[in-house]
Every structure is written in C-alpha cells, then in structure tokens.
C-alpha cells in the first residue's frame, strides 16, 4: 500500500491576524478558515496535511528542520520574511522535498520592496493573488504532480 | 439559468514549439497536450473555454480587444513578451474581466531579465512553475472564485 | 502653385479601443472622433492629412517606410511602443520629414516605465496631456512652422 | 457676461537672454518677440494674458503665490529650474488653476540631466520643441479646453 | 555524398530601407546588394543559403520556427529588436543549429541603449562594424567551422 | 468620564544594553532611566503607559498583536530592525492606533544603511536625534494630538 | 542672572501659503497660527524666540549668517529646499549653535524625491509628521537640552 | 598567573543541519565535528572556549550580550544573517572584545546576495572558504595575537 | 594700444563667511583677503579685475548676464551651487568669454554629493584644493593664455 | 607598384598560455597555432603581417606607439585588459590606422564584468566567439575593405 | 617518499613599502619580516615555500604562468590589483593548483572601492584583517588541507 | 641656507605621444615642450625639478617609491590610469610629501568614464583643462605654498 504524501503548510509573521488586517487587500477570512479549507482540500485529494503559523523566523526555521524527515512538501506563505530572510531561504533549500511559495495578495502589485522574493528561486513554483485559493491551488498542484509521478 | 463563465487561454511567442524546446526547462508536453488538459479541466468545472497561440504581439492585442465582449477571464502565458511589452499590458488592462498570468517554468529562477513582469501588476494573480498544471490551477481558481461569488 | 503640406497621423496599439478604456485617464472620445477633429483642423489650415492606427509594430514600421515619399510630417501617438520599441524609433529616424510625438494623457504623471520615451530624441517636439487637443495642437504647429518657412 | 479666462505666462532663469544664447538650439527670437506673439495669440482667442520673467527662484515663487487669486492658468517655461527645483514644483502644485509646461527646445534630446522634469507630474500637459510656437500652442490649448468646458 | 550546409540569413526591421537611411552610418549599399554578396560568398564556399527580411517580430519568429528543420545555421541582423526582444531571443534559443549575430555598424559605438544585446548570449559569435563584410565574414566562419568539423 | 489614552513604548534589539554601548552616540542613560522619564512624562500628561524591550523580532510582533486591543498609540524605537524588517512593518501597519517612530541618535547622520527606514511610511511621525528626549517629545505629541481631538 | 536661550524658527518656500495648500497633507493652520503657538511654547519654557519665512534661498542663507551671533538654536522647516539645496546646508553647517529640522508632514511617506534630506546630516535631530506640534516639540527639546546642561 | 583567554564560537541559522545540507558546498562534517575540532585546537593553544548555535536572531543577540563580561573574543559564522541583520551587527559592535567572522564556504563565489556582509566592517578579520579549518584558523589567529600582545 | 583683458571673479553662497567657517577645511583667510590677493595678482599681470559675492542664485545669474559685454573671463567659485544649479550653468554657458571653475578645498575629497559639478563641463578648466592660491593660479592661467594668443 | 597593407596582430595577457587554459572555453589551439593560421591567411590575401603577445599593459602600449608609423591596421585581442584599461584604449585611439577587436570566446556569454569593452568604441568593428577564426575573419575583413578602397 | 607540497607566496604593488606606509592600517612589520614568518611557518609544517613581490601586473602574471608547473598552491596578496585586474584574475584561474587570497587589513572596513575583489571568486578561500597572521593562517590552511587529503 | 624644494613631475601612459594625438583635445605641444616649460617655471621660482614619463603602471609605482626620500612634491598627470589604478593611488598615498593632480584637457567635459579619478581624493589639489599651463600652474602653487610656509 502506497504511503500518503505529506504536506506541511507554513505561515509566516502576522498571518495569525488575518481577518483583522487590511481586508481590502487580504479579505475577511481568518487563518482558521484557511486551515479548514486546506485540510478539506487535502482530504479530497487523499493527502496528509499539517498546518502551522509563527511570527518568529527562528521558529519557522526550526519547524523546517524538523519537517525534513516527516513531510514531502512544504507550502509556505512567508509573508514579510519573503523579501528579507536569507536564513529562511537557506532552511528551505536544505529541505529534501519540494517547496511551493504562496501569497494571498498579488505581491507584485504592491510596494516595490515586495517585488523581490528570496524564496522563489529555491521553490518549485509560485501561486499568488487568489486569496485562500492560493493555498488550495498549491495543494491541487501537489496532488497533480504526485499522481503524475505515481 | 445562469450563463457559463467563459475563459480565453492565450499563449505568446514560441509556445507553439513546446515539446521541442529545452525539455529540461519546459518538459515534453506539446501545446496541443496543454490545450487538451485545459479543455478537460474547464469541462469538469462547467466553464466555457477557448484557446489560442500567436507569435505576433499585434495578433495577441487584436485577440484581447476582440475578447472584451466575449470572455469573462483571460489566462495568459505571454512568454517572452511578459518582460518587455507595455502594449500587451495596456491591452490586458482595458479588458473588462480579470486576468491570470501563468508560466510553465519558474521564471524567477531563470535569467535576471525574466524576473520583471509587466503583466503582474494588472493581473489578479500569478501561477508559475508547475508545468501544464500552471494552466489547470488557473482554471480551478476561476471555478473557485466564480462559485464563491455565485 | 505651392503644393499642400501632407501629414500622416499614426496611432499605435490599443488606441482603436479609445472611449472604452480607462475614461478617467483618456476621456470618452473615440479614435473616430479624434480623426474627425484632426481632419477638420487640417482642412482649416489647408493641410493634407491621412490617419491610421495599428496594433502591430511591424505594420507601423511598414507604414512609415511607405510614408517616406508621400508625407512631409508624421504625427505619432505610439502608445505603449513609445517606451519599448527601438525598431519604431529607427523607422521614424529614417523618415526624411519631421516627426511630432503626441500623447493624450500626461505620460510623465503615470507609471515610472512610461517616463522614458525612445521616440522623443528623434522628434522635433512633443505634445502631451491635452486629450484630443494634443493632436490638433500638433497640426497647428505644422501649420505655423510651414508658414514661417514659406 | 462671462469673464475672460486669464493666463499668466512665466519664464525662468536666462530666458531674458534669448536671441543671444546658442541660436542653434533656441533660434534668434528674443523674449520680447515671444511676448508679442503670446499677446497676439491670446487676443485672437479672447483670453487675458500677462507675461513675466525672472532669474530668481524666489521671485518666481512669489509670483505664483500672487497669481493664485488672479489667474486661471499658468504657462511656464521654468528653464534650468525645471530639473532641480522642488520649491517651484510645490508652488505650482498649490496654484488652484491648471499649469502647462512649455520648452522652446526638445529637452529630451539634450543632456541627460535635462530629461527629468520635476514640474511635469503636477502639470496638465507639456509642449516642447516648437520654438516660440510651444507658447502659442499652449495658449491655443487653453482656448480649446476653456471653450469645451463653456 | 555529404549534404550542403544550409544557412538562413535573416534581417530585422528597417533593413529593407538600407541605402536610403543615414548613409554616414550604414553606407550606400542596399539590402539587395547585401543579398547578392551573401549568395556569391556562399556559392564560393559551397554553402546553400537563403535570405529574408521582415519588419515584424512575429514574422521573424515564425521564420525561425520554420527554419528548425531546414537550416543548419542562422545569421541574423536583428536591427532594433537586438536590444529589446526576449521573444526573438527565445525563438533563436530553440533553433537546433548555431546562430551568428551580425551588425553593419559598430553598435557599441552608438547610443547607450544599443550596447546591450539580448541575442549575444545565445549566439555562437558576433561580427559587427564591417558593413556588408559583417555578413560575408559570418558566412566564411560557417565555412571554416563546417570544414574543421568535416 | 473619559478614558485615559494608553501608550505602549516599544524598544528593539540591543537597547537593553544602553549605557554600555558607544556612549559617544547614545549617551550614558540606561533603558531603565528612559523608562522612568517616559513614565514621569506620561503621568504629567495624564496618559497611561507601558514599556517593553525585546531582542527578538518575533517577540516584538507578538507584542504588537497583543497591543491591538489594549493601546491607542505605539511609540517604537525599532533599533536595527528599523532598516530591515518588513515583518515588523507589517505588524505595525495592522495596529489600529497610531505609531510614532523614535530614535535616540540621528540615524541619517550615521552609516548609509541606517538612512532607509521601513517603518517611517506607516508611522504618523518621526522623532530622532534628541537622546532620551526623543521619547518624551513623542509622548508630548500624543498629549497634544489627543487634547486637540478631545 | 543667566541669559535666555534664543531660538530662531525659520520657514522655507511656500510655507507662507499654509492653510490654503493641500489641507489633506498640511491641515488648516496658517503660518501665523504656527508662529503664535511657537511664541507661546517658547514663553512657557522661558526661551527667547524669533520667527521668519522666505521663499528665496538667498534670503534664508543671509538670515542664517546674520543669526550666527544672535541665536543659540535654529529650528528650520526648509520645505522644498530640504531635498535640493547644498548652499542652505552649508549655511546651516557654519552656524555655531545647533540646528533642528522640522516638517509638518511625514516626508518619508510622500514622493520618493522627498525622502532624501540634505539637512539631516548636519542637524542635531529631526521632528516630522506632527503638524504644528513638530515645531513645539522641537522647542520643548531645546528647553530639555538647555535645562539638562544648565 | 595570567588568566586564560576565553573565546565564544557562535553559529547562526541552519548550521545545526551541517552534514545533511548541500555537501558539495559544505562537506560532510557535522556541527558536532566542528565543535570537537575547535575544542581540540583551543586546548592545544591553551585557550578557553565555548560553542553554541541558534536559529533565532534574538537568541544570538541575547548570547552576545551575555558574553560581554565572560569572553574576550567572539568567532562567529552568522550564516544567512550575515547578509541581512543590522541588529546582529549592532550586538557585535557593542561587544567589548574582538570579533572574527568565519564562513565554511567562499561566500563571494556564491549568489550575489551573499557578497555583502554587514558584519565584516565591525570585525577584526574574516576567514572564509576553508571548511572546518576556517574555524581552527580563527582560533590560531586568537592564539597568535594574544601571544604577540602578552 | 591693446585693451586690458578683463576678469570677473565671482563667489557663490556662504563664501562671505570665509574665515569663520570650518577653518580645518577652508583656512583662516577672509573673502576680503582673497579679493586683495586677486587684485594684486591681476595687477602684476596687467589684467583688469572685478570681484563679487552673492548668496542668491538669481543675483549670480543677473551678474553673469551683465558681464557678457563687460568681461572677457569669469573665474567662479560657485560653492554649494556647483553641484545643484542647472540655471547657473546655463547662465555661464551663454557667457561669450571663457569660464574657469575654482574651489578652495579639494571637493572630490569631501562628501559624495560634492563630487559632481554641473559647471565643469562648460568651463575651460578647473583649479581646486589650493586655498586662496586656487584663485591666483586661475588668474595666472588667464595671463598665460592671453599672452600666448597675443 | 602599390605597397602591401600591413597588419599587426596583438595579443594581451595570458594568451601565451592558450591550449592549457580552460579548453572548454578556448579550445586546444596554442598561440603558435593561431599565429600560423594568421600568417597563412594574410599570405593568401597578400597582406603583410606581424604578430606579438605581452602580459604587460605597458609593453602593449609601447608596441602600439611603435606601430604608428609601421602598420596600417591593428587586430587586437586585449584579453582581460579589454574590460579595464583606459590606457590601452587611449593608445589605440591615437593609432592613425584602423583597429579591429577580436575575442576567441563570446565574451558577452560569460561573466557580467566581461560584457563591457573599453576598446569597442574606438574600433572599426568586433569579431567574437569563433575561436581562431575570429582572427582570420578579421584578416579577411582587412582584405575586403582594402580591396574595396583600392 | 611523498613530495613536499610547494607554496608560492605572491605580493602585489606597494607591499615592498610595508613598514613605512600608514602604520595605523598595516602595522610596523616589513615585507622581510613577513617573509621570515612565512618561511618559519612553512618549515614547521614541512611545506616548501617561495616568496616574491612585484609592483607590475605583467610581472605578477608572468610569475603565475611560470608557477604552473612548479607550485601546488599560490597564496596571494594582490593589494590594489585585487579590485581592478581582470588579467590577474585570469592568470590565477588558469593556475592548476589552488589559490588563497590574503589581506593584511580588513579591506571591507575601508573605502567602498576596496570591497569588491575580482580574485575571491576564483580562490579557494580568503583570510583578511589579521596582519602578518593572515599569511601564516593561510599556510596553516594548506597544511591542514594537505594532511586531510594525504 | 634653506634647501631647495624638490618636485618630481610624472607623466603616465601615452603622454610621450603628445603632439601627434588628437590635437583638437591636447594641442600641438610635445612632452619635450612641456618639460622645457616646467623646468623654466621651476627655475624662475627657485625650485628643483625632475621630469619623467612611463607607459607602465609598475614603472610609475617604482618611481614613486624611489621618490619618497628624494622629492617634496609630486605633480602627476596619470592619464588613463587616473580612472582605473588603485595601485597607483596606493603608491601616491604612501608618498610622504604632497601630490598635485594635473590634466591637459578638462577630463570632466569628456567621456563619462573619465569623470571619476581615483587620485583626487589623496591629492592636495587638481588643475585641469589649461593645456601645458596646467603643469606650470601646479608648479606656481608649490612655490606659493612653500613660500607661505617658509
């Protein structure tokens, strides 16, 4: 019997405040709503999933290290760290599985300093601008690619 | 009875050559394969779809003008024009529906001049790096968003 | 009897859509309205005029080549190609008459990438920001300069 | 009875020397000639006009402040201050009427440091490169726009 | 019997006007003269040759696609598109044979924006500045390299 | 009875070491001295105040989240994070009250990399260069603005 | 008996128009209101004060020279000259007392060209964004520092 | 009896994963191996040594503060924080002893964003590219310099 | 009898304060001392000389205009305006005689923003760094060149 | 009897090591092989030729000075000095004959710092990327141009 | 019997003047002192060593060429050529052994133009800032690496 | 009896060709003429002088080292090395006397790459643009300064 593909969905700083922050940009969904939709999408595709959020760069890095032997994919919305953290990039680069970068808003349509991502170059792909669907689209991509390779 | 949402999938220069070009980057799928998968994904989500490719910027712009009254969404892989064509951007900006930018490869992991997209700022979102799945993920996003708004 | 001075008014990509596109920036006039006003202004100044629009860079270049023996002036609103097309600039540079660059909106008050024009340096002058009047002001300039030299 | 539209034509540093300075670039007209042509053009369009020149930035700013309650339009050739004076820009920005930027020569075809204008972004439009006609074209634009709005 | 090596000589926008345009830079030769000299040089080296010119980027790309199965080498003078067209670069990159970039004038001794070529990096080599001889030198290079490898 | 306005004074990395570090730049005051002066200034203006310091970006972000429902103003000396932390900026941007940026030294008179602040653009104002007075001046500003609005 | 500390408050171009100009940015206070509040704040702290405004850079420089032997502090809102005038900076640098830079609005949250100040590096400190309170906060700072040194 | 010189060896984010990460760049040694070699080198030179690693910037800063009274030297491999952390730089700058920057790989031969170090300017020296020997070379340097000064 | 060559020595903002300002950079000489030395050097070389200083850009420009018919050479120390004033440059460019740029200090050894001179390109030559001798060296140069041409 | 055209072929630093250095880039030919092929090509075209190599910039400059009266053309592969030596450029600029720049590899397809050539702007033309053929193509160009002008 | 590893220590321009030049930066040691310490360190590690200095780039390049068959390692302090010489970099790149870059001072803590090294990218590692110990640390590194590989 | 002040006049690459090279820029004087005028000027001011020229950077550096104990001043026209040689700058920086930078032409009015001088920052002053007089003016400056200090 084939083992379930395991995905870790990671969320960076301030995403715990979703639903309270600039709804014009991020919508009214909370992070709990996003987790629920991710779990439901994963279940529908028969994928195992875990979900976490942290405001501290160090905690995110610890989590990635810990994920190395436990997960096949990381889907990450690194929020503000996307643009500044070489340490986070290095942590993701040593993760043996694949990484997908997601963003709720279209970061390239916002301030100049949000146009550069340190994470994109070590990711398999990017999904940005679709609200919570950015996450579920990434989960579908894992399902597609896993099935294609099965 | 509600009318079907209509999507136009557009492909820019050189994508007609897919399957022959740098398979290390783009894979072995041909554009016909992509079209077939797009049509099948649209059908599954009960979306109407059309699909086109052109090497000429002018033809792409004519097509967008013509699409204004006929389609609700444009999903576009503008290929090399992504990085250079203000005229294409202007055409997409006047399209009354929403635009999704897709790329087969992760353009930000390639040459420097492929990091800047003139199209992103006027798009709803971006999907890049998932091969043909970039297209079907975009189609799923249309289905999600359309249903959410229904 | 002196021969009439002949002007070709050229319009670049997306200008055929005028009146439908971002009226906050471009107003409600259509390209047909602009053509009518140009013809009327030319007639009032006893100037011969022709008027064209194309979305394709190649067609614009062909038209300029063809105009070399037929027109004395080119008034051009190159739209999005203004900022990107060295080929169009080269075509205008080999036109033996004079070139006037016009823009409906004040391009320098818009996005950064619209601040650089490849055409200005090979033009006699620029008129920008006056809506359809940008065109008729350019036609008046031709009349003034032609009379001054008569 | 409708009141006449009132235009103030302002000229920045060194323009009092016109006719003596680099005639290859600026022609042989003096500032007095330009004033005469402006007055004649204004009269023909039934516009009230005043005309001034100063070499000092402070005097130009004082004049703009004073013009706030007396004029409907400012047509300004700010000469060398075009490229360097934030203070002049700020003065023009608080003028309640509209501003038109004019230049005798095509500044974008000259030295690199003349390509950037601090004034363009707060102007309605720009006319550059037509010699004295740059001024009279701007006056015509005022007439056109005023009549259109009448 | 060994098959003849086949070369396609491609010419970009405005080169059809050669002989009329800025003779100080490009000389008095027409494109027909260049074609004649290329055919004669190819014949002398027992190489098959074809020769084309187009003003439209899309047509050049179509031609390159079509050349993939018909020619062993492309010698291209992309003119103004040299500096701006990622799409043309991508088309040349997928051509299975080798590419040689040629220029009539020494582009690096002209305007700053002509110093960057998007084509050089995917070309085998560059020949620039020798007038029509740039083309015949490229043809000789094909002959040399083909013989060396024979 | 009107409720007291509540201010949270936040201090970023290394400020716990004040009094030991480069006294030429920062003076001999310790953070405890600054806290005492802030509490005394707040009391004098009848403002409630809290005061904290952390070396970890994550802790600062957690504190801001927690402050959303408890404080009306944040006065922050983000120290080295001022110049690098998009995540901290995002946390401050979602704080529903106003933010004041303070610095002990005049950061613009120091190293180049201290000239750019990511926090200024989302702050109401900035006070820099007055030593501990930078803090008490910010507290006075809160008192002034609150009274003006009362 | 100790002599009163003497402050000169200086205001640069266009600040005489306060109250008429972009109230969204600068509020409805006039410069006379600001002067009144400054005088009142100075009196409360037992500081001597003078207050001036000029649109001309030369007048501001003359005033600074004259202030060298008459004042202990200069508080300056250099307005548009902040970003462009090396001459004003040099004048302030030779003033033997201390300089405080003030701004009514948060200049770093406005146009890019307002982010650079030539004056900051030679000032003791900066206060920006607090409306008229920026001035009175600076006066408080003088009182604090003077008392601390008394 | 002279007191032993005390060195703290600090390691930044992801270095706990050494031996698992990109062995082509970093080799197969684990951090425990490095610690062992450092302890052995220190012992040979009669130097006291401590060794730590943390993924969190805040923890590293806390550790530096704590080291101020306990150690004479810090040898630090700040990993990804080298290029981004002003806060870490500030912490090291207030350490009263000397700092040596070490890197396992030659960071200047890697990605562009690894070429800039915020730490170098406040370090006594740098050792990069020698694998674990970078650390032991730094320890030798401490021994040399301490003996020279003894 | 040959007419005496006439030199105008011009001094820009803040130079009236020489002798009081940063003597480490400018020395203890006053502007009156410099004038005396210039007059004495001119007399020794049988040159007519005049000497002026102004803090206002406009006054300097007026003076240059007035000098057009009265002087053969301008020797100018434009001080802070050297780096910022296009208007002053334009005034000097229309002066029919030759211009020599002088500086008391070596401006290229000072702040970055003092490295660029807008005046150099339209000057015959530059003398910088020799204190008051910069002026007398320039006067000698006029004498040399005038005699050579006599 | 017409005199033979004389060419000097010059080679810059490290080219004496050809055949040993990075054969993937430069091939296995030695400089002696290149000299032989050049001599043979020159003989075939009835051109006189000389050939030299030096590692020292000063020697190359001396050689160019000496060549002024002895040669009609210089063909130069300046190797690493191409990108850095203004002195070599100046030497070539004063050579009264024409200069051709050659490179064995396609320098624009290599490191960024090899993209800028200080020599191109003062050369008649450039040949790069064809291995030893770059040299013989340049010799052919001399033959073509000489015959055309004969 | 295993052959001794052979190291060439190379020193670039001006290092022959050590001990006379800016002792605040470089200390009082002469190059002869450094040579003595290097020889002694090499002897202690049973390594063969040679030591040279030259002011001429060409001589350094000649020496590297000559070293190709005679030495296993080059330790080089290229001094001012570090930042400017592509030719020296190319020479070191073709050396078949490994290269170590050393600097006496911490170049990254000095002028901006000393921050970029053309040599680092082709070196195994860098040691900078430790005075003469930079050299002996590099020699230890050779000993370590050679033994590790033995 | 006071000893004569000793000046070494140094000339960099290509200056030996003066009189043959671009007379429009450099005039018709030869280097021998310049030497004669320098010797005569020095004699008139009772200064000892020596004069040299070299095309090789290394020779210039050797000469500067040798001059350390023999000359009080160096006057140097470093020609093309002015803009590129850190090594030459370093040599001049260790010269214990003062350095004067001279240029025959006004380098800031020529190509962009001639605007930056690496030598200015370590020179006492600069004289540029006065032809051979640049040298004699520098010699006068030495005389002035020496006498002033006598």
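We just call them A, B, C, D, E, F, G, H, I, J, K and L in the order they show up, numbering each chain from 1.
Assume a residue touches a chain if its C-beta (ideal position, glycine included) is under 8 Å from a C-beta of that chain, and two chains touch if they have at least 3 such contacts.
Source: prediction; values computed, not measured.
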Chains touching both chain A and chain B, listed by label: none
Least step count from chain D to chain H, where 1 means the two chains touch: 3
Pair from J-K, F-G or J-L with over half of its contact pairs in common with A-B: F-G
Chain copies touching (chain J, chain K) - same or different residues, decided at half shared: different
Inter-copy rotation, chain H to chain J, in degrees (Cα atoms; steps of 5): 120
Distance from chain H to chain G - Cα centre to Cα centre, in angstrom: 47
Chain centre separation in whole Å, for chain C relative to chain B (CA means): 32
Intercentroid distance (Cα basis), chain I paired with chain H, Å: 55
Sites on chain E at which at least two other chains make contact: 56-59, 84
Inter-chain touch pairs (all): A-B, A-F, A-H, B-C, B-E, C-D, C-E, D-G, D-I, E-J, F-G, F-H, G-I, H-K, I-L, J-K, J-L, K-L
Interface residues, chain A side, partner chain B - complex: 106, 108-109, 117, 120-130, 133-134, 136-137, 140-141, 144-145
Complex contact set, residues of chain C against chain B: 12-14, 16-17, 20-22, 54-59, 79-84, 113-114
Touching residues (chain side chain E, partner chain B) in the complex: 56-59, 61-62, 65, 68, 84-91, 93-94, 118
